Amino acid sequence: MNLNGIFPPIPTPFARDAVDHRALAANIDKWMKTRLSGLVILGSNGEAPLLEDAEADAILETARKGIPSSKTMIAGVGRESTAATIAATRRAAGLGADTVLVRTPSYYKNVMNTDAFVRHYTAVADASPVPVLLYNVSMFTGVNLLPEAAERLAQHGNIVGMKESSSDMAQFAEIIARTPDDFTVLAGSGTTFYAALSAGASGAVLALSGVIPDICVDLYEMVQKGRHSDALALQRRITPLAKLLGASYGIAGLKYALDQVGFTGGPTRPPLGTVPVDGQRRIQEELASLTARV
Amino acid sequence: MNLNGIFPPIPTPFARDAVDHRALAANIDKWMKTRLSGLVILGSNGEAPLLEDAEADAILETARKGIPSSKTMIAGVGRESTAATIAATRRAAGLGADTVLVRTPSYYKNVMNTDAFVRHYTAVADASPVPVLLYNVSMFTGVNLLPEAAERLAQHGNIVGMKESSSDMAQFAEIIARTPDDFTVLAGSGTTFYAALSAGASGAVLALSGVIPDICVDLYEMVQKGRHSDALALQRRITPLAKLLGASYGIAGLKYALDQVGFTGGPTRPPLGTVPVDGQRRIQEELASLTARV
Amino acid sequence: MNLNGIFPPIPTPFARDAVDHRALAANIDKWMKTRLSGLVILGSNGEAPLLEDAEADAILETARKGIPSSKTMIAGVGRESTAATIAATRRAAGLGADTVLVRTPSYYKNVMNTDAFVRHYTAVADASPVPVLLYNVSMFTGVNLLPEAAERLAQHGNIVGMKESSSDMAQFAEIIARTPDDFTVLAGSGTTFYAALSAGASGAVLALSGVIPDICVDLYEMVQKGRHSDALALQRRITPLAKLLGASYGIAGLKYALDQVGFTGGPTRPPLGTVPVDGQRRIQEELASLTARV
Amino acid sequence: MNLNGIFPPIPTPFARDAVDHRALAANIDKWMKTRLSGLVILGSNGEAPLLEDAEADAILETARKGIPSSKTMIAGVGRESTAATIAATRRAAGLGADTVLVRTPSYYKNVMNTDAFVRHYTAVADASPVPVLLYNVSMFTGVNLLPEAAERLAQHGNIVGMKESSSDMAQFAEIIARTPDDFTVLAGSGTTFYAALSAGASGAVLALSGVIPDICVDLYEMVQKGRHSDALALQRRITPLAKLLGASYGIAGLKYALDQVGFTGGPTRPPLGTVPVDGQRRIQEELASLTARV
């Protein structure tokens, strides 16, 4: 299983209230023709918290059909309860996931400390048929999986890496410093993609890379080859789009952008909304600028 | 339906991995012999985010059997997706809930603004067979349903009130000021119970009131009768226990305290943990102090 | 010295770049004809952090001339360094301050913990010729003087009270609970003035009370007499103006409002700015509403 | 004037209550024998908020005597009031500062928005005899000078750069992207020193570099020469010490470390304190490790 390189967290296309499996399969086919290392299914950008378990399982099934064994299929399985997380992990493994990405439980914030996280992830990793990736995404969860927790959990034989979505490079760098060299740390923020790579990230899970896969892979390879100034210049060009698809408009922005470049984004599931007209224009401008100049 | 007075958000007793319905029923019987106005089933303290839908439904069924029609049964039904929230609302109403308590969706924090909340709650209230209560609990959700949103939503004919768990009395008071007199605002923080009542709260949803129901009702009635200095003195006595069952130890603390006073609290569901020995001692001391002196 | 009741933190009128002592004296004369218990000179609303030491001393001199011994003159003396705070305290005492209000040092936030605060305030109180009031105003300082620190410092013979500006009634109530009955706790937030009084505050330092002194004293006296529902109703009427003179426009709002009711507010000192036209209109409306209906 | 490279923000040595000018001069002599590009005098690490104006002026005088014209002397001059900042700026320029570093005013947080910052810095830059550097240090000020503000201010002919102390590389990178190429952006966080350089920083103002100047200059030069993996490896080695002298112990830690390596650190000025014994041991260990292995 390859955990280096670029992995888009793919959105879930909907047709009215149901998952649009035809569009999903078509999207995946397109992504599989690029240099992406694999896909993240049922991540935050996949609207996973808005899906029923049966929908999630069906999505994994469709995804695995479209993802060849040479590419890595990462399945998001985080739930609030440890037992439900384990159940989702087992289902995902049974449906062909190469590895699972386990978001921190976060509702009971006042007691979600390092000890609680270590208990949770240890139980999940003990039970998981496939290797486990930790997932820290404070902008959504409101909790923080500290470098100390990552250090302790990296000792577990079935925990092979982590996605850290923060743009705080002090924390990102500390995680890398406190975990073994073969512990994979993936970046999750498009605006600090290059910064994370230069700090030692093995790759990235980027919403942006579903829309402009080749540009993201280019940037990754530039850093691999030591072409830091080229990579930095490219980062500056993609940063505005990364912001639009992230902090500004989130999944609605990502889906709108995908619709513009030949994929099926489609509507979000409520309570998520749409991109306002001004935001649509800005996304189009950034896409045009990136297409024209690269 | 009476929404004034005191409503404990009851915890869910577990026997190993399953819900202990016998203990649940026994707990409810005891509470029904007090002056509590009703119960909140499947609230945050009920470990609702850790339950499966089938478990939640069964709990509501057991609860309705134990709660006479003279007492109010409030069911927590909040989900991240609007559609899932509506489905849970309809099931709860079908199982006899008098009203539903709908926590804000909160995962996609960057887009959960007033417009998104108004869309979400309007759709839920349109579809709900029973009256709807808004529920703002920033300490768990990391989002804030602003007074402006409450003002707009209070105009909906099927939204009859709100539980506001903040200890920020500026926000609490502003909600009361911006909503009609017949819009019920319930407090949700034990440490500011009296402050909220004196600011105009109609009652409270307090974890504490599952443990010391009579004392909480006493305090409520003191304020009703204008005995503010007595109420304030009583508040000071219960504040330490309120902190222990809230910010300090949360549900594990609540369950431990219930075990001490003749109810079945029992274990929490992982990743929630237990109360450390020192915390157990402090809870016992506060319980002893309250029993001895009241 | 009387520390009960209402104390406006008075602004500093400027004529061009200098303090306008004539306007200051005239303002004080007017306030002295009301039922206010005294004045806070050189508080946050007095633009103290924007004044030179010589200006501050001159302001205290003018103030003391206008404040009879029957009214309490409270002088703000907080500085970042302990030594500078002690020097300012001695100057203020020499110029006739009845007590000093000592804001927490706050620049080096990462090391401003309870131990540091206890050291600082103990040194100041040891050296001060007059009684000392602690002052916690997190909205400006970004640090928090915890109830634990207040409890420890309340044991010092020369520390007689505290101004707590938070609207978090849990913290406010805890401070009152953990300090002796003769330790004066003053509220500092206009939007939670009534809530703080009902929680046991001895009085309040309110920007609002410089503009509508009689209404604020009325509310205070209502609570003293147990007329809680009247007090709550009055709180609701003053809350909008409290917000405008606080979180919305701050000192510029306070000065504008004073100009409307016959005092001299005048310009702020840069980098503070002015109230936008829309804000001016809203302040005028609230003032008209309060004048018309009380 | 050279603004590229490494600039330690030097601490202020005290002998009892007074500035120890002899020790200050001796420290400066040592630093001037290294490859540092210059020094920052009266920065946050210089305990500037704890100094009187006369002390500050005397420190600048001593510093200028020890800093040859081939090295850059940067003087911290930020005050809360615009007028006081201008006065401090003029005095610093008169005492030989090559440029001034102007911390954001921050006390009145609710009104310190982009417009207020633009007004403040424009007035200071208009009046300053020497070029001006913006200075954003949210960890101390609690306010944030946004990239938008930096973009607007970078157009002023007398504002030549900025020190940004955040470890959030998204914001850091955005500032660089939105300002002209000849606008100098200096990093201010030791734990993200390499990340900031690889994101395009022209250099850094690092407390750490007063203690291990050569190692910090080495890291800077590695990035200049494209030796990113060497720089990253070196960053990992200095990160623990950077944390100890920053978030953990601050100026007390910096002074303690300087005492260990032949400079005079000495005591801090209260309310700042000392490094606990455990922290002293950790600082010694990191120093030994860095000395032994580099």
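The letters A, B, C and D name the chains in turn, as written, and every chain counts its residues from 1.
Everything that follows uses one rule, which is that a contact is a pair of C-beta atoms (placed from the backbone, for glycine too) under 8 Å apart; a residue touches a chain by one contact, two chains touch by 3 or more.
Predicted model only: the values in this text are computed from it and were never measured.
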Chain pair equivalent in interface to B-C, over half of contacts matched, among C-D, A-B or A-D: A-D
Whole-angstrom distance, CA centroid of chain A to CA centroid of chain D, is 36
Report the inter-chain centroid distance for chain A and chain C in whole angstrom, where each centroid is the mean of the CA atoms. 50
Could you list each pair of chains that touch, in label order? A-B, A-D, B-C, C-D
Chain A residues within the chain D interface of the complex: 167-171, 173-174, 176-177, 189, 191-192, 194-195, 198-200, 226, 228-229, 232, 235-236, 239
Flag every residue of chain C that touches chain D in the complex, lowest number first. 17, 44, 49-52, 80-84, 105, 107-112, 115-117, 119-120, 123, 139-142, 247-252, 269-273
